[in-house]
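Note that chain A is present in both complexes that follow, paired respectively with chain B and with chain C.
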Partner chain A sequence: MTELIILSLTGVAALVSEFLNLRKMLLPMAILSLLAVLGLSFLHIGSEELIYNMASMDRFSRPFLSVLCVLGVLWFWGFRRFFEEEKTTSDYFALTLFSFAGAACMVSYTNLTMLFLGVEILSIPVYVLAGSRKTDVKGNEASFKYLLLGAFSSCFLLFGIALLYGATGTFDLAELQSKITSLTPDNQLLLQVGFVMTVAAFAFKVAAAPFHFWAPDVYEGSPVPVTAYMVTVVKVAAFAALLKFFQVFEGTIPQTVAWAIYGLCFLTLMVANFVAASQRNVKRLMAYSSISHTGFMLTGIFSQGEGAENLLVYYSLVYGIASLTAFRVLWYLRNEAADIQDFKGLIHTNQLAAVAVILAMLSMAGIPPLAGFIAKYRVLAAALAAGQGWLVVVGILASLLAIYYYFKLIIVMFEPSEAAPTRPLKMADRVFLWVCAALLLGLTVVPLV
Partner chain B sequence: MLLLPILLIPLITAILAYFSGKNAKYMALGGSLLNLAYVLFMLYTYNTTGQETFTFSMPWLPHLGVSFSLMMDGISLMLTILSSIVMPMVIYASWNRDYEDRHVLYALMMLMDAAMAGSFIAADGFLFYLFWEIALIPIYFICLKWGGEGRQRITLKFFLYTMMGSFFMLFAFIYLYQHTPDKTFALQSLYEAGRSLPVMEQGLVMAGIFLAFAIKMPIFPFHTWQPETYYIAPTPGAMLLSGIMLKMATYGIIRWLIPVVPLGLKEYGIWLIGLSVVSILYASFISIVQKDYKRLIAFASIAHVGLISAGLLSANMRGIQGGLVEMLSHGINSVGLFFVYDIIVSRTGTAEMDKLGGIRSIDPRLGFMFLIIVLGVVALPFTNGFVGEFLLILGLFEYNQVLGAFAALSIILGVVYMFRSFQKMMLGEVKDEALNYKKQTNQETMLLLLVCVLIIGFGVYPKPILAISEKSVMELLEGIAQ
Partner chain C sequence: MSINYYLFLSAALFSIGAFGVMFRRNAIMKFMCIELMLNAVNLLMVAFSTVWGQAQAQVFVFFIMAVAAAEVAVGLAILMMIFRNIQSTDTSILSKMKW
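Right after this comes the complex of A and B.
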């Protein structure tokens, strides 16, 4: 409860700060509130708190909330100039913090209405943020596309929830779970359709193929910091919610539906990696890479189900940090749409930035000793334990393809370049890259979860 | 506890070398010599205390069944000695050459040394895999940054190819892991799991693991990455690749293949050995027609490693012992061959043998020492190459006489291509490219002399080397005989 209050209050404070002339205080305030939530989550990691039967802070939600806070702090830190550039600083702060509160709802919901509210609170500010460059055509396109498809997926979600309610007569997850086994055949069918619809809505949100078509355009059109926010915080929140949803239905999912979801994993892994291999625009490449990680995360949580929290927490943290690093350097090189050639000779012009990107790419490609390897390994081990050996083979193939396109970026960085040295990074940004790099290496040695 | 410094000394040296800028070469050489001294101290402890294995274990990823456990017996010790002898030589070989950002180069080299040493002493399948992969990253960047023409494409192919192979190994390990009684990746558990499998499954597991090794060594038909990569690699990179890195695979055969799937090996091993023998002959014939000296060495390396692989897979005392000795001599000889390449190219700018000639008449010292290295490579008696190859062929003969006979051809073919290269570059008339040839420096002489001393020393008195691994190999063979 306190966590949600802190986040929302900071959002409100950000709005008020405009006429209280506290704009300079916003960044420390936002980071402090996130750190406070992180601290609270750690302090009460074992305890359970039910919030009006709508949400609960427990062993499931607290780790995810912590991951979101870590990623949030890193995001605010790394992309703080995003707020300095804009005239409407406080609005953007407020929007981000509100969407963060939505993410907190999504990871802690115990009631389907809360899930829906969380999804909307998370998404609506991001629709606005995606179009924050008002004069940019691509930005507007991205924002509009995201809004339309987001609305579309909300419909699916609502439809799914309604059907689930129709079948069981409840929105509450625990109650719903207890009723699943004792349904009449008609209601059983309703339940299954509701399940599939809800999963489809989630698939939209996490951009799993074939529901991914919006993602590359939106990621490309939005400002880099917003894209970074979408591929980290938004995606992690959606995945946590999806995992919770899966766990409710654990063991009762009919074979055909299960196969359909495995098919989703397969399709996502294949499509994302094959298309990514031919991209020349770094933002689009990162978009497809993000979709490919969706494939891995989906594979992991669906094959393991019960007890997949640790896997997902670890994967999200590692993937999030690597993404933030890559996007931070991309933003440093160029504010907008970047061709792969923008990275040319980076190792000669800015070694730290280049090494950070290399580590991020190696981690995302899943190469030891980077943390991304352990993350991917856990996913594939879970799939194998679930008897889905074929999916492991697909995952391995996907990883090989992924190495190809991640290394394309690395190779370009080693090419000689005549370009003048880029402007040096500020101290705070250097520290940011150091911290990210250290986490990517350190999370292997000391895996927290 | 005794084992940790083997990892830590190179690792710390890597970090220090990176931060010591211009003095990186002193730092790297000092660190690698310290490492050598420590390994020799280990050898001394091993010989005097009679303790057969050193172990170290620490929990790491308990929920994945992974622990950070290291183990060193005679076999591992042999390989550790190899890497710690070769490493200072590689660093010394690049002493007076101009490389951009040397501190990075040395840091990467030491990092790779740490990883390779780790793979030689890992006693956990997962850990072995980790070290195996980690070793790949520094060498990739060494070749990408300091490599020659076409490095982008070639290094990527190298990386993807080896990565693909190791995925198969990982897959096989996970499969074994699922059959372990205590759900861990520990060496003994994997052995137990592997031996409990039916023959057919053992064969499949063997194929998966062997594929990774076959690519790394490499063995025909998985060798296509190797000549190109050796060709574009900077000299220290090529020395590391052929001197130490491919031994990770041959060591892997002894530790992670033979004892894991003894039945599978007995049933289907003939195919792997057959492939290795084909590889020997194929690479030898190709060596004979090479025009470039460096490519010739690359193919010669395939031929030699094919013989090692065939001998090891015959899984008898002579084969394995021979393989171990041959690994050591191949490491030293590789450094010698690549160093000769480096010396010649730094003077003439080319290693095309038709353009060179008569170097011996200008620089007789180089000619003489190159001859000794060539003799070592072709396994003349009283050189280190002879001990290994003789035992290998003997072991293979014990296993299958026909294959042994074919493998023995490699020695004759080796004479053909090695002597041809010697003849073309060293003898005959002085060609244009070699006209302004400068004599070798004292530093170069020192290193070559060291190589020659090791070649002859091990060749004349190989007993202490053979004794290091004897007990461990015996134990290993007893283990699989049950």
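Right after this comes the complex of A and C.
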């Protein structure tokens, strides 16, 4: 409860600060409030708190909330210039903080009403942020597509929830779970259709193939910091919500639906990596790489279900940090859509940035000494334990393909370039890159939860 | 009266809305189709709420209405922004990015 209050109040305070002339205080305030939530989550990590039967802070939601806070702090820190440059600083702060409150609802819901509200509170501010470059037609297109597809998938989510309610007569997850096994055949059918529609809505939200077509356009058109926010915080929150939803139905899913779900994982892994290999625009490349990670996370969720939260928390933390690093350097090189050639010779002009990107890429590709390897290994081990050997093979093939396009970027960085050295990074940004690189290396040895 | 009638009616409304979102060119029409889908859900919620004799689904409907209003407010603002830049609400112009 306190966590939600802190986040929402900071958002309100950000709105008020516009006419109180406290704009300078916003960044420390936002970071402090996220750190406070992080601290609270750690302090009460074992305890359980039920919030009016609508949400609960427990062993499931607290780790996810901590990951979100870590990513949020890094995001605010790394992309603070996004706020400094604009005239509407406090609006941007308020929008991000409100969407953060939505993310907190999504990881902790125990009632489907709360899930819907969380999804919308998270998404609506991001629609606005995606279009924050008002005169840029690409940005407009991204914002419009995101809004339209977001609203479209919300409709599916709602229809699914309505059918689940029709079958069981409750919105509460625990009650729902207890009623699943004792339904009349008619209600059983309603329940299954409702489940499929809700999962499809989630697949839209996390951009799993074949529902991913909006993602590359939106990620390319939005400003880089907003894209970084979408592929980290928004995605992690959606995954946590999906996992919680899936755990309710685990074990009662009919065989055909289960195959459709594994098909989703397979398609996502394959499509994302094949298309990514042919990209030249780095932002789009990162978009497809993020979709391929979606495939891995989905595999983890669907093959383990109960107990998959440890695996998913670890995966999303590692993936989030690597993405933030890559997007930060991308933003440093070029404010907007960057061609692969913009990375040419980076190792000669700015070693720290180059090393950070290399670590991020290696981690995302899953090269052994890095945290990304452990994350992918845990996912594939879970798939193997679930008896889905073929999915493991697909996952390994996808990783091999991924190595191709990640290394394409790394090789370009080592090429000699005649370009003048880029402007030096500020101290705070260098610290940011150091911290990210240290986390990517350090998380390998830390046995997380 | 059987619940099935309501189920079929709202499924039909929902599909009409979904097809409209996919195949309409005009951005305003797309938004109206989204509204149609949401109203199909509202109808279904209220019908089920009567079947189970509970009020919670009707409260949910209020949430849906409120959120839909917020979404349309943001959506129309985005549309205004687009209209200022391209002087049109035809979404087929908005396809600068492919693959």
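Note that in this section the second predicted complex is superposed on the first by the 449 of 449 C-alpha atoms of A that agree within 3 Å, B and C clash if a C-alpha of one lies under 4 Å from a C-alpha of the other, contacts with A are read in each partner's own complex, and residues count from 1 in each chain.
Convention: contacts are C-beta pairs under 8 Å (C-beta built on N, C-alpha and C of every residue); 3 or more make two chains touch, one makes a residue touch a chain.
Values in this document were obtained by computation on a predicted structure and should not be read as measured data.
In the superposition on chain A, contact of A:A207 is made with neither chain B nor chain C.
In the superposition on chain A, contact of A:I124 is made with chain C only, not with chain B. Using the contact criterion defined above for the overlaid structures, shared-chain residue A:M297 touches neither chain B nor chain C, since it reaches no partner. Legend: residue contacts after superposition of the two complexes on their common chain; A:D217 is shown touching chain C, with no touch to chain B. In the superposition on chain A, contact of A:P368 is made with chain B only, not with chain C. Touched residues of chain A, counted separately for chain B and chain C, are more numerous for C.
By the touch criterion defined above, A:A237 reaches neither chain B nor chain C.
Annotation: chain A has no residue touching chain B in one complex and chain C in the other. Across the complex, chain A is touched by residues 3, 7, 14, 17-18, 21, 27, 30, 34, 37-38, 40-41, 44-45, 48, 51-52, 54, 56-57, 59-60, 63-64, 67, 70-71, 74-75, 77-79, 81-82, 85-86, 91, 94-99 of chain C. Residue ranges on chain A touching chain C, taken from their complex, read 113, 116-117, 120, 124, 127-128, 131, 134-135, 137-138, 140-145, 147-148, 151-152, 154-155, 158-159, 161-163, 165-166, 169, 171, 216-217, 220-221, 275.
Contact residues on chain B toward chain A in their complex (touch as defined above): 61, 63-64, 129-130, 133-134, 137, 144-145, 152, 155-156, 159-160, 163-164, 167, 170-171, 174, 178. The touching residues of chain A, when paired with chain B in their complex, are 310, 347, 362, 367-369, 373-374, 377-378, 380-381, 384-385, 392, 396, 399-400, 403-404, 407, 410-411, 414-415, 447.
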